[in-house]
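Look at the two complexes coming up: subunit A is in both, with subunit B in one and subunit C in the other.
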Partner chain A sequence: MTGWFDIFRAYLFADICWYKNNRWLLFSYFIWPYLMVALILGFGSMFGSIESYSERLGVSSPILFLLSSTVVAMSSISIVSSVAEFVIENRWSGTLPYIMLTPVDMPIIFIAAGLPDAIISPLITMAAIFPAALYLEGLSGGIRVLTILIFIFLGMLPLLGFSALIASLTLIAKEESNVGQIIIPFLLLVSGVYYPLEVLPSILQFIGRIMPVAYVVEAARLFSKYMIPEIRFVLILIYILTIMTVAYNLLASLTLRGINRALRRKGVV
Partner chain B sequence: MGNSERLIAERGFGMTEAIEVKGLIKRYTSSLKKGWFRREKIIVEALKGISFNVKYGEVFGLLGPNGAGKTTTVKILATLLLPDSGSAKVAGYDVVESSSMVRNNIGVTLTVEKGFFWKLTGRENLKYFGMLMGIKGDNLDRRVNELLNNLGLERLGVSDKFYEEYSLGMKARLSLARALLKDPPILILDEPTLGLDPPSARAMRELLIKLAKEDGKAVLLTTHNMFEAEMMCGRVAIIDEGRIIALGGVDELKRMVARRVIIDIVASGVPIGIDAIKDRISEMIEGNVGLSLDDEGRLRIRILSRTGSEESNLAEAIKILSDLSIRVYRVRLEEPTLEDVFIALTGKSGI
Partner chain C sequence: MRFYKIKAVVWLHILRLWRYKISFLNMALSITLWILLFLLGALMFTPKGELFKAIPIVFWGIILWNLMSNTISLISGWIWYYLSQGFVEEHILTDTSPFLVLVGRPITGLFLSALAIIFIYITLSGLEGSPIITIMDPFSLMLGILTLTLMSISVGLILAALSFKTGIQQMFIEILNFIILIAGGIMAPLSKLPRFLAYVALLIPFSHSAELVRYGAAGIKPWASPAIIAPLSLILTSSLIAISILIIKRIEMHIRISGLRAIGRM
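Right, the complex of A and B next:
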């Protein structure tokens, strides 16, 4: 009998093959965080010093924070893309009906299929910045980025459910709309990836507060500021991400279950 | 006990009916664009109460022109689409109520030209789909190797090439390999030979016949190729505009047009549209007329004529073609084929 682990295993295998067969893509994953940080620092220096940026963000190591934020951003983009664009990409390649023929419920397919990417993508980008963290901050820098990696993993779990909700929008949209491409820039905007959430208008701040990525960025800020932050702040972040994991995945599961029957009636797949 | 029956008994299918379809109806709500923002809703009745059954060990053909309802039927049987009314059972399970059980018992091919990941090799693609189906460890590797060998992809040296480098024939073989991964008792194949070159199509047909006869599998295939259906299928259903207009053995259907003869004319140099030519011939002779243009632009005319009137009909047709300056270079009288049955039943010019 096929279960969620078979889906996870199949996608882990496909993802590894994908990276193995597209080595330049893998290479770009290693280069990308450094290019992003160089770009932000380059533009940022036109408006103020690195010290004022550090002061405004409340971090002691702005470059470490920027590198970590880039990992958060890249992992988030990757997970939202792979789950939210799951439908559209598989529809284009003609694989969607065969995936849907798997004798497993549709919500399980969507979430289990995104899980390998939620693990692989942060691991690759974190591996890319690890040497820089060691170089800039020594052993403490290395430990900090590894701690942030744990938070990124935690943040990817609710993001899977959130992305599955976006995927359901793609499924019911009558056009070949790539909803994910609209959501991603907005998600990065309201999550405070490159600047504090506090500078945004209150409505965007509110939306940011219900986005799991915002809390991963918060963790990155916290660990960029302190080697050992206050335990209550860490626990609050863990609680929020756990609640969001349950809430988003449950909501996605219920939505996709409802959509599944409607899709089979309409014949979209 | 024949080989198929023995295999059916051995595998414990416990029944001879692999697929049972009763009064299946499917309507689609479609929209017609009336401008940038305005759309008009239209209801398309794709299936109008079709019924048929497929037995284990047989190749059953669902024949019909484009838009007849073949793919809709396949999608319903594969549990990808819900019917509006009627019932369909596959391997004894209802396609609506027990879709997971149906999926465990079928192998499906919808289109042969796509359906795999372009940047994965044939072997990687098969392993990925095998994992999705829950096949594990050594069993998966063994099954993938076995299928790559049996379907000739290993011999062609393409098992470890990217899918994007595959020819259409190779893609079709890989599609069938995926359908066979679980070794399902029932195969549901939508136009499995569409677009294949003659040797690839022949190899595919032979393989499907072998799967039915030797392995006892039930094979339901759709096609609009009458020759293919005649060659492969024990029984066929001719479907047109959502209705089954004929159902039975190939010989049985051909007897429907017994006491008739086919005038087969091949000509070239067509100055006007083929519909106009058909109208002129139909006006002058008694019998069903089918016209088509082949890949080389030659006109093929098939007239289903009553025995006894074939000579006068032929003379009349030649005269019309001559008046239109169309050069006739082959005329032949034949026994009716399945295509002629279709023309006789629908009045359409073939598929």
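Right, the complex of A and C next:
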């Protein structure tokens, strides 16, 4: 009987082959974080100074924060794309009905298929910024980005559920256009990746507070402020992400099961 | 070239635009959100109290980047779809140049830019609270926008033509757009760039058109007199158009002899 691990293994193999055959893409993962940070720094320097940024964000290492936030952003993009666009891509290639007819539960397929990207993408982007963290902040910078990586993995668990929810919506909507395209920047915008949430209107702040990415960014901010932050704050973030993992994945699982049953009854995908 | 072919190409792109209207709206909104994401981050660099003074300065930069990046990526990034659906061979068999079809892609790119610019204008006006568009010299402004658009179409066609032969990936196009944004004098006047980047920007043809636009819109003094930059932009635009025509002709001949090289998943 095919289980989640078989799907995970198959997609991991597919991803590895994909990266092996697209070295340019792999290389671009190493450049992107620096390009994004260069854009913010260049753009920001036109208006003011890095000191003002540091003061507004309340971080002592603004560059380290910008680099880690970029890794959080890139990992989120990768996860939401791989899960939420799973339906669209398979619908485009005509394989969606076959996937839905496999004996494995829909939530398991969706989440297990997105898992390899959820692991590989943060690892690659973190490897890309690691030398910069070491250069800028020494060994402490290296340790801090590795700690942030743990938070990224923690944040990816609820994000997988969130992405599966988006994927389930595309199943009902039967939409052929790539709706994930708009969800990704919106998710990053409300999560305050490069700025404090407080600058957003209150409705967007509220949406941001129920998104897991906001808490991973908060962890990045915390570790860019202190070498060893207060354990109380770290634990609060871990608790929130754990609750979100259960909530989002449960919700995604129930929604996907319901949609799966409805679609099988109708016989239309 | 028969007129009906041009009419058919224009019809094709307008029809696609209408059929993919949700995708079109989705893309325009997502461009707006991406720009806001970076803009909000960059605005955090301003000292408290001066937060939104900088918005009108960057508005024109955003317009220029939108025009440039959408045109380039919607021409050259469409090749994957065009190739994978087998449309290139179809057009060649009906004696229609695949590049004629690609020349129609700016219709989509310019419509997309226009919609994204409207969204960005609405959002930024909301933040700023006062009009953010000013026009000081309409001639320079129009000439700058026209030359930048023509240059973008030419670069898009050059990349598209090369990708028939070499397989240029979407990611490469995105990185190129990003590099031009940072180092190409699109977002900031050349006088505000660090000296090294200003020299690099001088070598990038888009920067001269961008200087003209900023002069025409906000009266920001360009790196040289507009009387020099205007003809320079026209010469650079003509050169890029000529290069794109030459490359297209060569690649078209190559395709007819050796066939296509598909570029795979992006």
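Simple rule for what comes next: the second predicted complex is superposed on the first by the 261 of 269 C-alpha atoms of A that agree within 3 Å, B and C clash if a C-alpha of one lies under 4 Å from a C-alpha of the other, contacts with A are read in each partner's own complex, and residues count from 1 in each chain.
One rule holds for everything that comes next: contacts are C-beta pairs under 8 Å (C-beta built on N, C-alpha and C of every residue); 3 or more make two chains touch, one makes a residue touch a chain.
Quantities reported herein were computed from a predicted structural model and do not represent experimental measurements.
Of the two partner chains, subunit B is the only one touched by A:Pro103; subunit C is not. Of the two partner chains placed by the overlay, only subunit B lies in contact with A:Asp6; subunit C stays clear of it.
Touch criterion met: A:Gly267 reaches subunit B, while subunit C stays clear of it. Set side by side, subunit B and subunit C differ in how many residues of subunit A they touch, and the one touching more is C. Contact with neither subunit B nor subunit C is seen for A:Arg209 once the two complexes are overlaid on the shared chain. Looking at the shared chain after the overlay, A:Asn22 reaches both subunit B and subunit C. By the touch criterion defined above, A:Leu189 lies against subunit C but remains apart from subunit B after alignment on the C-alpha atoms of chain A. Of the two partner chains, subunit C is the only one touched by A:Ile31; subunit B is not.
Subunit A residues 18, 21-22 lie at the interface with subunit B in one structure and with subunit C in the other. The part of subunit A that touches subunit B in the complex is made up of residues 1-3, 6-7, 9-10, 13-14, 17-18, 21-22, 93-95, 97-104, 174, 261, 264-267, 269. The touching residues of subunit C, when paired with subunit A in their complex, are 20, 22-23, 26-27, 29-30, 33-34, 36-48, 50, 54, 57-58, 169, 171-172, 175, 178-179, 181-182, 187-188, 192, 264-265. Looking at the complex, you find that subunit A touches subunit C at residues 18, 21-22, 24-25, 28, 31-32, 35, 38-40, 42-50, 52-53, 56-57, 175-179, 181-182, 184-186, 188-189, 193-196, 199.
On the subunit B side of its complex with subunit A, the touching residues are 28-29, 31, 72, 75, 78-82, 99-101, 103-104, 108, 110-111, 113-121, 124, 127-129, 131-134, 136, 162, 178.
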